[in-house]
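In what comes next, chain A is part of two complexes: it sits with chain B in the first one and with chain C in the second one.
Moving on to the complex of A and B:
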């Protein structure tokens, strides 16, 4: 018999709907698991256990009356600390932020709750979604980073403290931690999900994102977040064409690259057509423009607070704010123009493909001392706004998870789910779980 | 949680990080400055994308 913390979102929803478990019983099981492992994992910024139990009890009362709030009725989720959740402070991973409780839920949070989700609390993140590490550890090996900035969301899902969490991505802050923690991370098309109530990092590159343990759950949550319902493929019978870039996505260790080769082989054997894709010349320009835009917008967000409290800023963020302040307005405008042009080139390259497939990261999770890892494989697609998903595809020789990143044309999340489902139907990497032990990891 | 990182940096590490970020910004600026500035107010690069 499986334990409640092992269930996917869809499995938990089904059991609660069928009254095989109450929402409160489910939430209590997750809270017990969190109590066991949080002292060593540090995934949570604010755990709202009593409130979660109260929300769950209200769901149970609705269940008794025959009322279902929606597809997430009674299922617990975690929210990254840069989203507003009513009556909780939005600290964005930093005590430099206003401690005042949010007056309303962010749109993404409201949509989850309207669909019946129970909020367990806020997850830890790097301060202001930048590069200074959060205290969170990787559930697969506590000496390694869970990635960032959605550190706690990825670690909590990877450690089976909850089945799904909200993250956010500006460069690689959903896909990278999801890959490092061996779970699924989805960054939808830019603007597909409202960012109202999400604390900005860099406005024109911030994306709402989802972290879950399988593709079906990611698709379910995406449908709830967009308000469009289940995100099924629009042309499910079509041939799947997977493009492999001819350069620019080399993994640092050749033996770790075997996992990517194996993943391509899984898709080929499952019927996908594999083609080599010439990477557009503009991809490097896209990444460069994205970095400049990100740093300039980050500096614009922080300029006032930084002018008053610079000495309290964490060291990496301080460097990044100063770098952003040094970027001249004509260079920022030019970066926007180049980004627009280069994103168009990338759209053309994606047009004939179901997805472009790359490794998600340059390596498995590095040591947690001072780094949240490298976002260079994710940043171009955050700059271009194309939707991307990461799927667990094996393990490095040091035992840490590795991921594949699939990227599709704007608005074609259904392609990501189609390829992702095919991959997970023909592999079992997504069923592997971190070998959690009670006490220090 | 404190705004300060749980992994503080030594002055030498900060200097090294700053040098790396500044070099990255300089590299990015050089790359985008190579892009031609178009005279047309409706740039060729943006036609067909609206």
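Moving on to the complex of A and C:
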């Protein structure tokens, strides 16, 4: 007999649909688990327990009347604190932000709710999605960071407080925390999901993202978020070709690299063709141009607030704003051009592949003292806008999860799901759960 | 018996197709006219007479073999000097530019040539498409500017040296010179025609454009340039609704405004519904944000060359580069955001209209001393990327042509052609020709 918190989104939706549990009963079970572990995890910026139960009750009334709201009918999700949720303030992880309640849901939130989802509350994040750590801890080891900026979303899913959460990624803010917390993180193609109602970090690189525990759930939520429905593979029969970059993605600790080698092996044994890919020079340009673009856009967003309240800014964000303010417009323009050309080079490299496969991060989650970890392996694909997914692929020698990152051509999320499903059919890393202990971890 | 130089593109193509004239005969007739008037007009940066005759002869050989290259088979066109034409340098109106011959045709040029067009040569333009005057004179009155930056393209078509030419527009560089020279100028939707091989001025506002003498020719060339074929109206039967902005488009001289009033009257009598349109506030934002974006991108393009050869820069361009270099990246980023939102406002205002109709310019062509005229009425639509066309609509009291500018929703060039054809069916301003005199004008 499994517990409700163990269910995937699809499993919870099925049980609620079959009236084996009410939405309210499901939500109450999650709230109980959250109460047990939140004191030590700090995953939530605002838990909306009463409201969540009320939403669930309304779903249950619909169920009684034979009405299903959609594929997420009655299933609870968590929302990162930089998305507008009606009547709640959008704090973006900082007291410096406006505390006025949002007048409407962000488009991504509205789509989830229209499909029947119940909002549990808003998850903790690094202030303004930058690099100052959130209070959140890693569910696998509380001394380590859950990553950022979607710290609470990844930790909540990793700790089985909910089956799925919205995150957002500008450099590596979905894939990195998802990998650190041993769950699935999806960053769709740039602009595939509306950013309306998402607080800007760096607008030309901001992506709506999904954190879940398996690929099917990520695909299900992606279909809801795009409004396109279930995101099944468009050509599920074709040969899978997995490209491994010939350089630039070295894991810090050689023994930890074995998990990546093992993951490639799983795919090879499952029938995928593995090829070595010469990394285009543009990948380095994507990173350097992406950083410049990101800092300039971040500074544009913060300039007015920063001019009034610089002394209250957290130190890492402050450095970024100062850096962005000092960039000259022609440098930014050139960075946009460099990024555009480099993204084209990367698209060419991806054209012959189902996915490019890399480690998701340079290492497992580092200590939570002062850092949210390194987004170096994720940034190029945030800058280029290519869709990317991370899948749990094993554990480092310190017992923390490691992930593989798959990247596909623009608009080919179906390739990510196809490779991801193959991997999860032939491995069970996605079924491992953080060994949570109640109380301080 | 009309002269070859009087023919439209469509008329020349038909005569060549019917073997009533050879392409070579047609080209020779144009070259003779160019030789007569070029000494006073200065429309050409590089006249490629021998090459043009050779291209024409090849077309004629195809004709003999029963092969038509396409809708422009054997028809001569002029190319603005900022487009790559194979084996010719792309000077962009300046000796400061690289004089290396282009290795390939720009995409726009290649499309014209694949459709059978013969390239006569490259037309004069303001240096780097900025605001320092070209040597070109206005065919209607040599003391006046032909406008810029597509000075030579507009003057050549206005002086009947050729039936059509490529121009380019970043602020008002196609519509303004076309209006000043009494011809048709088309700026399609941003990105509707590839800019590959077009020297950048300000990349996010650069548009490939067409200068011709009637709407049918502009539509014909547009169809060739997009590769979509003849650009006929998609709904030629519907009611035409013409919006007149309620403010912001006042012609300097009240008596010259009568031509605009008369043009509206022509359309009303021809059955168009005329409505007053409240100009969105965003129109002013489009202009101010557009200028900032343009200067920053222009400076990005020039920075390296300018750092080495600033003292050789023409004075107006120098001011623009200096201005652009001083812009901070966050200001540019904010200008992009303002532009994006304002373009959305304008799109909403255009949604209920077939076209928005304004005077093309604030006045007829000013004196050629030091200025290429005012692009104030064109800039917002270059910044927003909406397609626009100018049609000759009469003459100012000083005898110089005036134009009306029609603007449509993104991708609705067919609306421009529909309104333009209706106007030209019910007026004959487009048949008036500059009273050219050989020798100095």
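One rule holds in what follows: the second predicted complex is superposed on the first by the 441 of 441 C-alpha atoms of A that agree within 3 Å, B and C clash if a C-alpha of one lies under 4 Å from a C-alpha of the other, contacts with A are read in each partner's own complex, and residues count from 1 in each chain.
Please note the rule applied: a contact is a pair of C-beta atoms (placed from the backbone, for glycine too) under 8 Å apart; a residue touches a chain by one contact, two chains touch by 3 or more.
Since we're looking at a predicted model, the values are computed, not measured.
Once the two structures are superposed, chain B and chain C can be ranked by residues of chain A touched, with B on top.
By the touch criterion defined above, A:325 lies against chain C but remains apart from chain B after alignment on the C-alpha atoms of chain A.
Once chain A of one complex is fitted onto chain A of the other, the partner contacts of A:111 are absent, as it touches neither chain B nor chain C. When the shared chain is aligned, no partner comes close enough to touch A:430: not chain B, not chain C. Once the two complexes are laid over each other on the shared chain, residue contacts for A:300 go to chain C alone; chain B is not touched. In the overlay built on the shared chain, the residue A:333 is in contact with chain C alone; chain B does not reach it.
In the overlay built on the shared chain, the residue A:203 is in contact with chain C alone; chain B does not reach it. Look at A:124: by the touch rule set out above, it reaches chain B but stays clear of chain C.
Once chain A of one complex is fitted onto chain A of the other, the partner contacts of A:313 are limited to chain B, with no touch recorded for chain C. Overlaid on A, the two complexes show chain B and chain C touching the same residues of chain A, namely 327, 331, 334, 337. Listed in rising order, the residues of chain C touching chain A in the complex are 203, 296-297, 299-300, 303, 324-325, 327-334, 337.
Of all residues in chain A, those touching chain B in their complex are 45, 91, 93-96, 124, 127, 132-135, 284-285, 288-289, 291-292, 295, 312-316, 319-320, 322-323, 326-327, 331, 334-335, 337-338, 340-341, 344, 368-370. Listing the residues of chain B that touch chain A in their complex gives 1-9, 13-14, 17-18, 21-22, 24-25, 27-29, 31-33, 35, 37, 43, 45-46, 49.
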